[in-house]
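One chain, chain A, links the two complexes that follow: it is found with chain B in the first and with chain C in the second.
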Partner chain A sequence: MTAVLFPGIIVRAKSIFAGRKGPGLFQPLKDVMLLFQKGNVISTTTSYIFKIAPAIGLASVLSATLVLPFGPFPALISFNGDIVFFAYMLGIGKFFLIIAALDTGSAFEGMGANREALYSLLAEPAFFILAGTLAMLTGYSSFNEILIGLYNPDNSYILIYSIISVIVLAQIMQVENSRMPVDDPKTHLELTMIHEVMILDYSGFDKALIHITSWLKFALYSTLIFDVLIPVQWDKGIQFGLFAIIAVSLAVYIGFIESFKVRNKIGRNPVFLFTISVLALLAFVVVLVLTEKMILS
Partner chain B sequence: MYIFLIFCFILLASIGVFILPPRLKHLWTLILTIGTIIISCYSAFNVLVQGNELIIYGFDIARSQSPLMVIDNLSAFFILIISFTWLTGLIYARGYLKSYMESKSQLHISLHLFAYLWLGFSMIAVAIVQNFISFLIVWELMTLSSFILVVFDAEDRVVLKAGINYLIQMHIGLLFLIAAMLIANTQASVYEFGQLSHYFSGHSNFALFMLFFIGFGIKAGFIPFHSWLPKAHPAAPSHVSGVMSGVMIKMGIYGILRVLLSVENDLMSIGVLILGISVLSGIFGILQAIIQGDIKKLLAYSSIENIGIIGMGIGLGVIGLATKNDLLSLLGFSGALLHVLNHSLFKSMLFYAAGSVYKSTHTRNINELGGLIKKMPYTGTFFIIASVAICALPPLNGFISEYLIYSGIITSLGTASFYQSLILVFSIIALALIGGMTLFAFTKASGLIFLGEARSEKVSEAKESPKSMLWPLAAITVLVFAIGLVPLILVKPVFSIISQWFTFDNADMISSIFVLNMQNISIVCGVFVVLSLLLLLWRKLHLKNKTTETGPTWGCGYTAPTSSLQYTSTSFADNIGNLAQPVLQTKKELPLIDKNDLFPASASFESAPHDVIQEKWIDKPTASILNWLKKMARMQTGRIEHYILYAFAFMILIFVLTYFNLL
Partner chain C sequence: MMEFLIVAFAATLIYLSAAHRFRVFARFMGAQGVLIFGIALLELNEMATANLVLVVAETLLFKGIIVPFMLFYIIRRTQVFKVHAQATPSFYILILNAAALIVSVVIAYTLQNPYINTVFMTVALYALLSGLIIIVTHKLIISHLIGFLIIENAVFLFTIALGNEMPALINIAMLLDIFVGVLIMGFFGMRLKPDTGDLTQLKD
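Let's turn to the complex of A and B:
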């Protein structure tokens, strides 16, 4: 549900900031329904890899949701180190999308594939530092236990950490979902695209799957941010409301960023990504202090 | 005793390769290989199932106290790994060698097969021989037979040079091993690996371990001892590189583990040392792999990276031992052992597939390949599967071993002290970076070699390889999926192997937790596979009554694009190459355009990957030693009176030194 509304809200927020009326909230859904009714156009250059990639991408995101808890509701399947599984499961979707882009033999898509590979590689350390920090803070290694341990009454200074990690997560989300300032999904020049250029040759059913995948990815990351920010112990009814608020505000935040900020020069992107990792390291140091491993005198 | 006799018989029978007619040579090799494998795997299984060591005596039961060979669970594990890749390599070799059957002399082929047999024998022997002297002999046999295999194409000077380089480096390693064994022998009269603890309990552990580590590390390919790998692998035929990279370099890991079993103190510094070198190997190896344009060089550097991951597991395990953190050491060691197995599977697969590509296109340059999946659908699919596995992505086997190492780190962070936390977070960053870069390197390799349009004429004549070259790949694929989807079959035995080495207080509890985790991983991976298949089915049904058109790839207004417009290996690696320029120092030659040049003249641009660690740490010192030796060579005048003078001077020196009691 949130997944469906998310892109609509971003577009709406952008158009409001730009002073336009903009399309309705359900426009993306309508687009996808339309895509489902269309036939496919497939390049003669491609092989079967191109055809199976969107399905594998969607399956990978769906499987990754299995280990992600939602607020008070524990994940369907939980085990030690499922954070690692989460990241690597998303990785397989990425792998196939990248080689599918190379499959078209287009120079543009090669470029997109190349950038996607580079940026996801640079964003990976940030995620894992954050995961490690969470584990260090709570002493657990699965999403479920970490979230319960996170808002233990003992950890009174948790807010500092939460805020930093939310910032980091929000930025990883921008990278992973190819939003500004790393990537501009609405640009019309292929040379400046990253994610969009990779899927240039997709149409019909396959494109619809790719759209659904990217919505789900949004939902996935907003759930993650929500989980870190809101204590599990709070009332369930409130939690749902809060999740809606957080998801909407994330969407509005992205719309806001995209309206008022320019996209980074492609060459500057690595610096942006390094900054995220450094922020994550900062969170690590904060936790070192919080858990009194590093004694400041 | 019987086993020993049969083994001796097989060794003798291997000479038969030279006598038999050409068409039977391969078959004979295969029979002997299978015979050896049946005997050794039977014993290995017994050891693993029963948990007892199997002791094999040689002929001299009556007088010798120490057994000739001992198969314990570490040996058994390695024997199973060796046997499988040895066999797949041999089956693959049948197709690969076919075209050489006419061009090479019979003797040449026989020698090659003979060496291949003996490589397998010696590897199995390395895993079970305990006595130092016998160990050195079989270790040397392994080096010599692999040398003969590498220089199969010795008509090519590059190949011969790579082979000799390999031979020399291996002997430097041997020197370190001999030194280490001599020290242990003279100081504590240690004659075999099992007695090493006599030395370690009384002396400083770090120095001797370092000697062993360097000796074995040269074989394993840890940086900075790696420079033979990227030369020898492209030179060797593909089944040989598959076996060498898949299992032979792991014998170095075996040696390190074997010594580690007896180490008693200095664990922390040893652990940190292994971890540090491994992280360096991992990151530098994969960075180099990304910028390589030669498939087999790329794979060779990726082997260095994987050795790095294995080393990280071992290093973390040792640190866990040092800090009495059972969980970390159990998970670290088991991740490392499992990765030894996993890497032997997917890396041999990648080398075989790369060999098939080389055979049908006669090029290893990625910039000249492309679109091969249409010509070689099976080889291409196998290569892509192996790439997914090597990127450690679920649901394939690579994920399981890296997951174990990761979860060891993450789970230990909660209780770690300040310095430990730093080490652990450092290794988690390294692992994450390595993971991301592997994805980069192997999307490049599989995408550019097999997908898209052909980049040169060479691809157009490519044909799918014969069945004998595809079956081994299919067999490995089955294992790759099996381990990925049902990791329990291996994780449990590996846990029990490791808990026999060291005494862990709560090994049972940890292993029961991880058995549960593995079941959960099986479930989610299964869900993923089922979901993918369902979605694909849905796609098929959905598109049945829709029109599917085909057309050219969208060219943004540029119609009739040529295939040279595609991304190439060099351009794909360009941005990461630029980012890592301080580390990689890729050489680029770009002639500057003169200010006064009004019209563009023809210009050229050149860039070549080069290995900065090799240049700074190996080539430069070697060059300066050579230089110095050349100066010494001036003494060699060839005139007899000079030599008498040298002898005289030497005697005087001895007298003087004795007189002042300096000797």
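Let's turn to the complex of A and C:
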């Protein structure tokens, strides 16, 4: 439900900020339904990689969803190191989309793939530093156990870590979903596109799958932010309400950024992304110092 | 609360390293002034009224309000808005900044003893290194002044790290340093710029 409503809320927020009436909340869903009814047009220069990439992208995000708990409700699958599995499932989806873009042989798509790969590469350390910090803080490497151990009453400094994590994860969400200020999904010039130029050759059913994958990623990151911010011990009824508030706030935040900020220059993007990683490193250092886990002999 | 302020202070150092607009520099310097005021107020538990007035004047009034105001004034007068002359690209500055953070935490732990607050020591060292990095990686004099102001803030944190007392003499010396720094900057910016027109580099 969050995945379906998220893009609609972004579009609605943008139209309200711009003083327009704008489309309804379900307009992106109607567009995708329309795409599902259309046939695919596939370039003769492409191979089977181009055909399977959207399905693998969707499957990878769905697989990542399986290991992510929702507040007090444990994940469907849980094992030690599932936090790494989560990151790499998202990585596999992106990898296939990148090689599918290269498969078309288009210079523009190659350029987009190159940029997307670079930005994912730069955003990845931030996620892994955060994940490592979580593991160090709680002593576990599985989402389910981490979230239970995270809000231990002894961890009075956890709120500092949570706030930094929310800032970092919200920015990773923007990067992973190719939104402003890193990428502009509404740009019409191929030279300035990043994600959109990679999927230029897709149409119909495959394009609908790519859109749904992107929506699911929004829902996934919203859940992750919710998990880090809200203690699992809280009442289940309240948790649903808080999740709705967090998801809507994130969508409005993205709408706000896209209404009032310009996109970064392409050359500034690596700096923006590395800033996220350094912020995550700060969270790591904060936990390291406050928990006195550093040993220098 | 104390940890919040000190972590927020450290976060401003990251954004200062990545910034390339002087308005951002000025805003973050103001934010640092307010944060340092909060830290001083919470940390210094035994303070004479005169010393308290001095700390408020130095942090909230001077670092939080007057210095950013003067920086904005200088930016408006000189019409220099962006760091267009960096000796090193921002990306490498950020890498150096990340390295500085790691070095700071290692040094703070190496120096660990009952008289030193490790958290303050880490952030103070980090601020000191960040200020130095900004000075050596930027070419324009305004950036150098920003680096100098960050180092001043680092010295302030060092004094807090070493105990709950802050000698008035150190406060006055630091106030004088900041005053002279901003004054000289204002002099350079406002007296020299109108005469040089749009010349920005020596080779012009």
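Throughout what follows, the second predicted complex is superposed on the first by the 293 of 297 C-alpha atoms of A that agree within 3 Å, B and C clash if a C-alpha of one lies under 4 Å from a C-alpha of the other, contacts with A are read in each partner's own complex, and residues count from 1 in each chain.
Rule of thumb we're sticking to: a contact is a pair of C-beta atoms (placed from the backbone, for glycine too) under 8 Å apart; a residue touches a chain by one contact, two chains touch by 3 or more.
Values in this document were obtained by computation on a predicted structure and should not be read as measured data.
In the model built by aligning both structures on chain A, chain B fits alongside chain C without clashing. By the touch criterion defined above, A:290 lies against chain C but remains apart from chain B after alignment on the C-alpha atoms of chain A.
Of the two partner chains placed around the shared chain by superposition, chain B is the only one that A:205 touches, whereas chain C remains out of contact. Looking at the shared chain after the overlay, A:118 reaches chain B, while chain C stays out of its contact range. Once the two complexes are laid over each other on the shared chain, residue contacts for A:282 go to chain C alone; chain B is not touched.
Judged by the number of chain A residues each one touches, B leads among chain B and chain C.
By the touch criterion defined above, A:270 reaches both chain B and chain C. Vectors from the Cα centre of chain A to those of chain B and chain C enclose 90° in the overlay, to the nearest 10.
Legend: residue contacts after superposition of the two complexes on their common chain; A:160 is shown touching chain C, with no touch to chain B. Of the two partner chains placed around the shared chain by superposition, neither chain B nor chain C is touched by A:53. Nowhere in the superposition do the C-alpha atoms of chain B and chain C come closer than 8 Å.
Touched by chain B in one complex and by chain C in the other are residues 270, 277, 288, 294 of chain A. By the touch rule above, chain B contacts chain A in their complex via residues 370-371, 373-374, 377, 380, 384, 387-388, 391-394, 399, 402-403, 406-407, 409-411, 413-418, 421, 424-425, 428-429, 431-433, 435-437, 439-440, 442-444, 446-448, 450-453, 513-514, 516-517, 520-521, 523-525, 527-528, 531-532, 535-536, 538-539, 542-543, 546-556, 561, 563, 565-567, 571-572, 575-576, 579. Residue ranges on chain A touching chain B, taken from their complex, read 36, 38-47, 49, 51-52, 55-56, 58-60, 62-63, 66-67, 77-85, 88-89, 91-92, 94-95, 98-99, 101-111, 113-115, 117-118, 120-122, 124-125, 127-129, 131-133, 135-141, 190, 200-201, 204-206, 209, 270, 277, 284, 288, 293-294. Listed in rising order, the residues of chain A touching chain C in the complex are 157, 159-160, 164, 268, 270-272, 274-275, 277-279, 281-282, 285-286, 288-290, 294, 296. Across the complex, chain A is touched by residues 3-4, 7, 10-11, 14-15, 17-18, 20, 90-91, 94-95, 97-98, 101-102, 105-106, 108-110, 118-119, 122 of chain C.
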